[in-house]
Amino acid sequence: MVRPPVASALFPHPMSTHQSVKVAIVGASGYSGEELVRLLLNHPRAELVAVTSRQYAGQSVAQVFPRFASHPAARELKFSEPDAAVLAKQAQLVFLALPHGVAAEYAVPLNQQGVRVIDLSADFRLRSADVYQEFYAHEHPAPGLLAQAVYGLPEVYRARIKDALLIASPGCYPTSVLLPVLPLLRAGLIKPDGIIADSMSGVSGAGRKAELAYLFCECNESVRPYGLPKHRHLSEIEQELSLAAGRDVVIQFTPHLIPVNRGILTTLYLAPAKHFKTSAEMAELSDSITRCYADAYANEPFVRVLAGSALPDTKNVVGTNMIEIAWRLDPRTGRLIVMSAEDNIVKGASGQAVQSMNIACGFSETAGLV
Amino acid sequence: MVRPPVASALFPHPMSTHQSVKVAIVGASGYSGEELVRLLLNHPRAELVAVTSRQYAGQSVAQVFPRFASHPAARELKFSEPDAAVLAKQAQLVFLALPHGVAAEYAVPLNQQGVRVIDLSADFRLRSADVYQEFYAHEHPAPGLLAQAVYGLPEVYRARIKDALLIASPGCYPTSVLLPVLPLLRAGLIKPDGIIADSMSGVSGAGRKAELAYLFCECNESVRPYGLPKHRHLSEIEQELSLAAGRDVVIQFTPHLIPVNRGILTTLYLAPAKHFKTSAEMAELSDSITRCYADAYANEPFVRVLAGSALPDTKNVVGTNMIEIAWRLDPRTGRLIVMSAEDNIVKGASGQAVQSMNIACGFSETAGLV
Amino acid sequence: MVRPPVASALFPHPMSTHQSVKVAIVGASGYSGEELVRLLLNHPRAELVAVTSRQYAGQSVAQVFPRFASHPAARELKFSEPDAAVLAKQAQLVFLALPHGVAAEYAVPLNQQGVRVIDLSADFRLRSADVYQEFYAHEHPAPGLLAQAVYGLPEVYRARIKDALLIASPGCYPTSVLLPVLPLLRAGLIKPDGIIADSMSGVSGAGRKAELAYLFCECNESVRPYGLPKHRHLSEIEQELSLAAGRDVVIQFTPHLIPVNRGILTTLYLAPAKHFKTSAEMAELSDSITRCYADAYANEPFVRVLAGSALPDTKNVVGTNMIEIAWRLDPRTGRLIVMSAEDNIVKGASGQAVQSMNIACGFSETAGLV
Amino acid sequence: MVRPPVASALFPHPMSTHQSVKVAIVGASGYSGEELVRLLLNHPRAELVAVTSRQYAGQSVAQVFPRFASHPAARELKFSEPDAAVLAKQAQLVFLALPHGVAAEYAVPLNQQGVRVIDLSADFRLRSADVYQEFYAHEHPAPGLLAQAVYGLPEVYRARIKDALLIASPGCYPTSVLLPVLPLLRAGLIKPDGIIADSMSGVSGAGRKAELAYLFCECNESVRPYGLPKHRHLSEIEQELSLAAGRDVVIQFTPHLIPVNRGILTTLYLAPAKHFKTSAEMAELSDSITRCYADAYANEPFVRVLAGSALPDTKNVVGTNMIEIAWRLDPRTGRLIVMSAEDNIVKGASGQAVQSMNIACGFSETAGLV
């Protein structure tokens, strides 16, 4: 394999204030693709030069997504057939919003041409091709790229995202689990064993595909679990938790489908490393957790740790790149309960991908995201 | 064509108190079919002996519709492939819950075997095969049956439904328009010209089919008009209004899709035959309308004309076979506004079909419907 | 205190086939009250003789609840001011659908007059007045009645409900937790420690009260936890689990509010008493759980243990008195996950109360409930 | 009355590129107020210096509206008690998001101090105090200001908004009716008689107030008409239509409440001035309408006239300041049907108010709105 050029050669950091980056989206007709279109059309430093979709090739962005029709660029830009060679000439950075298994087809040639890739599929999130095969039930299409791919969780991998040529943007559920748990695990405040994550997701998480199960009448006035006990997202969650814990971590994860368009609410059941019996012990542990989250997130623009009696509510984060986190110690059970709320399509997908782009291009990390 | 046997020979009226009728449903896997299953499983005089569905053949009703699993019959009864010859041996009355264009395939042989048919499709609602072709864009599959089919609106055709071998159950929108308008038109209280019907329907009206347009995220937080200005249901609405008026009636009809599972709310804009300028004239007209509706519906079990300040609300009728009607005179414009609310799947489809069955079989008209 | 007459003297078991019971509802204007009205209007053996509501006194049931207007009884029956002395003369059995803290005011005099009471509030669910005070933050208003009150969970206390004069109908969340957990606990299949219940409830659970937090726009497109870590329902859940386990049980419980009218989905995280490592051990444990649930519920009319790949979905139980249960063993974590779905207002409240009435009055347990 | 200073003396047009305007919001805790906060926090030329609310005085914007917590200004800015004298010192322009009847209390003193006011209530929309009293059932609180107030519909009154000291921002329904109808009326393409507007609105239109009728369970799975036949918004609709027609116009208007947070869909039934019988006549009329809308709106940034088969859908405009318009000629009835979709809180309220601010302050009209 031809060694790809070093990314930093292409994007000197920081880019000059007036310079913008030419970007493209492959697979722009799904919900994540549409949100990428929205964010990039409004981004002060990005120029959206190409969007691809086999189904809509030839139509303008404004025709396919009437809600963007007031943007002049949306009226001019037309969907094209995806073609890596063409994209490599048009764009400096390409977002892949494709189903797992097909991203490699674009990522490999684009990277070889020195084009940065931010992949929103699961294809480059795992370090092990074997784990990929176990969870995704097919051979990994480009195992050679796994070593160089960077997991695009800015709060953890900001430094490596800066120079990455291939960024694997995290899944929606993993983001909602990892951001609340990682600091606690790294600080040794919780045990790595016995972690339970119970999540509820809006229907956009199922993608824009014509299936009976996601019809309005099948989802409205309904709530149901699915995909348990071995949902695919477990693979990347456990990978990242294990790296933080310095040992293998296996968790319990149950996703549920609820009738909202967007939003994930995750409730986590954790065991503090130290028992707290007296109120002094409880106060001390509370202080440690408060400090731990403050150290981790006080300066993070997109993580909000709630204080006082406030609890997360997806309606407070939908449409934003923010994740809300709150926690409670339960002296009756000795457990720590942590809850998070995010927009599954923004912080859980496209917003986080743009955040990575901002870092990779040397822009302000919040550019186009508030 | 073999002349079908006379229905009354088969079902003497009234059936004896302890006798029940064997019924079948062809196409039982859609929303109307499912509601027929619900109503017939609970019907005191009907025995559901067969349900057909190519897709689910071999599975039990309880497997396909878990919400009925507590009915012993639902656990035993299995979906079968539709076969008119078999059905003719099993059932005395067959409901057809099929798309338009294919009902004739079952209606013709079943009727020939003396089996009563209640068809929920549009295929036998129109008296003219030409009008059918104009609105449904294909030739009528069995024009010979049109003359003997009875339009299954009990409040209008009760006497004819009694002995009908082929009952064409009305559409959901037509029911919501005809019941409020027909009495006024017959009484000469409104002009037949210039009638406008503006309707909102829940998403179940689109049927249980995997199309992008009816995904949860495409319907939730959305309201949109569709199918205007010449929706197919206009054909049967105008046929029945014309019959009532004794002259051709052409109306304006605009349906809208709103994010509820069930329910149709129709608002009608009508021109009173007499102008009302003074408050005495308005009071006189009010009295006439009140009397007209009382004459038409005071004894109808499934029509509720609201009094006082009450206005229709779909949540008051969903799950029932009731239609709510309210009206207001507007002295500023000289118009009469009439509003109706119904459950599109019950009074607008399956409930009304069961009401016709009750009449046809000599049961109490409300049997299994309250 | 005057000793109340023995219930069985009043209601010989079984009541003769044609006899019906005169019932009343105190506090009939909330969501549980409304559902009681619906169930009792349609009940073959109950005659609804009184409904009370300070707010609606003087109005007919049909005026307050237009959806029942087709029932002749709903048009005749008028709401009255609640008065225990009057009720005692009218009714043989009274349902109390009141907020906690005020039920005693009616339960005490009614019981003293020999009138059976089924209370839907929390006031008589706990055996200990101290626990009541801990969780409900006020002194128990009638501690003397606690000993004779029967917890109205028919699957557990059927025999005692038969003769009870005071039935404390369980809370919605407790029902969704207890029915799945109790058989496993009694059979020793799970450890009593470390139980976690994660629940999602529709908004009707908050009651029909004008509060900002439950406005449409505050709940729609929102999901949020609340009331943790010490929700009031914990008190009755832990009481019943402790009785089943023969020792004190403390659990973790997190309720969430989701945008549906009705339905509770509870996901339970349980630790099997025996580890299962080999697939043989897993198969053995599976068999034990299957048998345990079959023993407990195979003959229960309102508990459905799902087989195969089916998982609970609230839309399959809404409007019914059924609870759906499914379970999965996770060999990766060693846990047993059990999920339940119920209608919070039916099996979680009014339906279950009617089920108790059926038992208490010697009716078929499913009368008026399917 | 003291003559207020001339606005143009205060805000020279255009403001210099780097100058921003200090703005305040009185009554910022309702849905329109909250949306103003969102728009003004993100506005490139506005500095939000004060927000008032009796209820939330002392709390920060971030506390009251967690969704804005990522804005540094939202964390710093605290709600204060409303006080016109204080506001006059803080702000150059004040938005009033108050119920009708109380806006005058702030508008009068602010205007007298030379502070521009954009009022979102109905108080200054009508030119006649008598009409106000007829529709709002109380005497107008400041009839002296009516003559100088400008109706803040930018597409019609842009020139006057530029120098207005008091801008009366239009109602949500009026915007959805006026923008589609005014150009046709002014061009003489439709008759001024017999206009019908049938509207559906999301629940946010009812305001953030704790009333039973707007609880989640009362609105979800419900659709209902209300406020007919003489809704208050008729007064301003008819005033503006009459001005455009040069004669008195009386219309029919029926609003409906549907279960969405935001969005208004209005369907208009209009009579073309000329009959069209032949297809040539229909084509000619079509051309005239197309030209009429193009003349009116081709350069308007917030009006989108749909072409081809597209129809308005509220989900395409929610969250934006855009109104979508489509129309159809019906050769069967001779009518012109025009449909519009807008976000009732943005183009129907706060977005339009900011659009007026942009004009009044000499900013780009789209500043902060795309």
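The chains carry the letters A, B, C and D, assigned in the order they are written, with residues numbered from 1 in each.
Just so it is clear, contacts are C-beta pairs under 8 Å (C-beta built on N, C-alpha and C of every residue); 3 or more make two chains touch, one makes a residue touch a chain.
All figures in this text were calculated on a predicted structure; none of them were measured in a lab.
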Label of the chain whose CA centroid is most distant from the centroid of chain A: B
Pair exhibiting more inter-chain C-beta contacts, B-D or C-D: B-D
Chain B and chain D, separation of their C-alpha mean positions in angstrom: 41
Centre-to-centre distance between chain D and chain A (centres being mean Cα positions), rounded to whole Å: 37
Length of the line joining the C-alpha centres of chain C and chain D, rounded to whole Å: 48
Junction residues of chain B - those touching two or more other chains: 218, 220-221, 259-261, 313, 315
Interfacial residue positions of chain B with respect to chain A in the complex: 31, 202-204, 208-212, 214-221, 259-261
Chain C partner contacts - residues on chain A that touch it in the complex: 196, 198, 200, 218, 220-226, 228-230, 250-252, 254, 256, 258-263, 265, 267, 269, 311-315, 318, 328-330, 332-333, 335, 337, 339, 341
Complex contacts: residues of chain A adjacent to chain D: 42, 66-67, 69-71, 221, 301-302, 304, 306, 310, 313, 315-317, 319-320, 322, 324, 370
